[in-house]
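Listed next: structures, encoded as structure tokens.
Next come two complexes, and both contain chain A; in the first it sits with chain B, in the second with chain C.
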Partner chain A sequence: MNQIEFNDQGLSWPADKSLAELVAEQQSNTQGIAVVVNGEIVPQSAWNERCLSDGDKVKVFRAIAGG
Partner chain B sequence: MSLSDQESLRYSRHLLLKQIGEQGQLKLKDAHVLVIGMGGLGVPAATYLVGAGVGHLVLADFDEIDSSNLQRQVLYREQDIGQSKVLTAKSQLEALNSLIQIRAVNRRMGEMLLGMEVAQADVVLDCSDNLATRYAVNQVCVKAGKPLVSGAAVAFSGQLMVFPFDRPEQACYHCLFPNAQEQQLNCANAGILGPVVGTIGSLQALEAIKLICGMDSAAQGRFSSFDAQHLEWMHIKMQQDPSCPVCGQAHSAP
Partner chain C sequence: MSQLTIADKTFNSRLFTGTGKYANSAVMAESIKASGSELVTMALKRVDVNDNQDDILAPLVDAGLNLLPNTSGARNAEEAVFAAQLAREALQTNWLKLEIHPDPKYLLPDPIETLKAAEKLVELGFVVLPYVHADPVLCKRLEEVGCAAVMPLGAPIGTNKGLATHEFLQIIIEQARVPVVVDAGIGAPSHAAWAMELGADAVLVNTAMAVAGDPIAMSRAFAQAVEAGRTAFEAGLGAQRQSAEASSPLTSFLDGL
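This part shows the complex of A and B:
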């Protein structure tokens, strides 16, 4: 298990599970979100292949439309 | 081309800035900017652009002024309730600066009209309040290669995205948020504080001025998220998604 951060909260996460699985597990609604790992956006098309290393910091931003 | 005496006096505080100066002021005078949405973002953005002497401004909205708009859309007056936003804004902004041209598009823009307006613009500001418009504006700006300054705000959150689509290999709004759905949160159901949306709208004007004057900005190609409650910013470099159907290789492939 790797120790990672998801939205500033510590989390144990298996090394062989993908970012897509993390997002699906942690976010009840995955519509309109941008996922940032260590300060860099990971495009949604790459979530499946992306695994997480010890110390990775994952942050989710949701689109807002108001104006 | 040079500035008139009247313009030199009026914009004297810009002329003192070495990043702008007379050359920059002439670029502003020559610039065409399209502002889509004249609500809480569009009002401060357009007001600062008019003040700055942007020569040709197009304001697009189809909405009318409601009393609930007045806590943040500070260009409008109580007597304007029920009136068209763009026509009221045009009249107010013409009183602020008579040296520039302002045109109002007081209707919902379809793809064709949007395409025509974007084609005439040097910079586009997305100050809209819904995702369908955001995706449509993004797509047209990608296609036309026009820089897009996109802002959004709700409750205590703001977002600013600067897409310099006049340069190659830029991420677009669809790369950032590929599957956002009509939503979620908006000002009508989640609330909004005036200075929060005012901050983002002001920054949209700032980034538009930088683009017009050819100034570099760290905001270009970046997604910035503003937490107004804790006064914190997060800045993230955007990444083009090669499989993006709007701007990626899939789009440009024959």
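This part shows the complex of A and C:
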């Protein structure tokens, strides 16, 4: 198990599970979101391939109502 | 009323709308439908763990609307460029409302950071629509760096004060070779109609619709006002005069009774 941060909260995450699985587990709605790992945007097309290392910081951004 | 083309898109409606401040997503969707708008703004936020709020994106996508994500929350060019890239990833569009307003009291846009960010974002392939003060010189500079339109403010965001900047909007409209979208401060359909009569290519309205007693009816009223204002502009308004000019022929038919 790796220790990662997901939206500033500590989380244990298996080394062989992908970013796509993490996002699916943490967010019921994956439409309109962008994911940043260690300050870099990871395009949705790369989520399946991307595994997470110890200490990785994952942040999720979502489109919301605004003017 | 003629169509409006900005970059690669052509619009039948010259009324752009925001999605903020509505009571819920159902009222928002109905209100946007009543407005006839084909381009709607959205913002971004960092989500909390298991943050499952009212889904506003699905009804917008289902309605076939074009999305215009904004960079609200960015305080400088660097943050705005990052926010733009997040927005492009989240919403799969390269259209962007560039807004950089570091001061929360008046939300006035920072012209220097906006110009810096606009230049970079155009290089990165974005269709940039910058929210700016009604500054004709800045609007020209933004046009020169490749912005697809300019969006000068009528009055500070959310104030409903109308076209406090109308003298400068006129200069911007006269000089611009890209579409001019009057954004912010439009608080009543009459303000929107006035902007269109001045020759603005479109207006962007959010607060005035969303906080109205009946947002759906108000959105319809804005649609009518924008269409009326644009039609009047295209028809060619009569010139203003200082002294009166009779509409009825002034004959001497009552003389000598």
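Here is the rule we go by: the second predicted complex is superposed on the first by the 66 of 67 C-alpha atoms of A that agree within 3 Å, B and C clash if a C-alpha of one lies under 4 Å from a C-alpha of the other, contacts with A are read in each partner's own complex, and residues count from 1 in each chain.
Quick note on the criterion: contacts are C-beta pairs under 8 Å (C-beta built on N, C-alpha and C of every residue); 3 or more make two chains touch, one makes a residue touch a chain.
Small disclaimer: the values here were computed from a predicted structure and weren't measured.
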Clash or fit, chain B versus chain C on superposed chain A: clash
Partner chain(s) touched by A:7 [first = chain B, second = chain C, both, neither]: second
Which superposed partner A:67 touches (first chain B, second chain C, both, neither): both
Contacts of A:36 with chain B and chain C, given as first, second, both or neither: both
First, second, both or neither for A:28, with chain B first and chain C second: second
First (chain B), second (chain C), both or neither touched by A:45: first
Overlapping contact positions on chain A, where the chain C interface meets the chain B interface: 31-34, 36, 41, 43-44, 59, 61-67
Partner chain A, residues of chain C touching it in the complex: 18-22, 25, 28, 41-53, 55-58, 61, 67, 69-70, 72, 85-87, 89-91, 157-158, 204, 206-207
Chain B - residues contacting chain A, complex: 37, 39-42, 126-131, 134, 151-154, 157-159, 171, 175-187, 190, 192, 197, 201, 223, 225, 234, 236-244
Interfacial residue positions of chain A with respect to chain C in the complex: 6-7, 9, 26-29, 31-36, 41, 43-44, 59-67
Chain B-facing residues of chain A, complex: 30-34, 36, 39-46, 59, 61-67
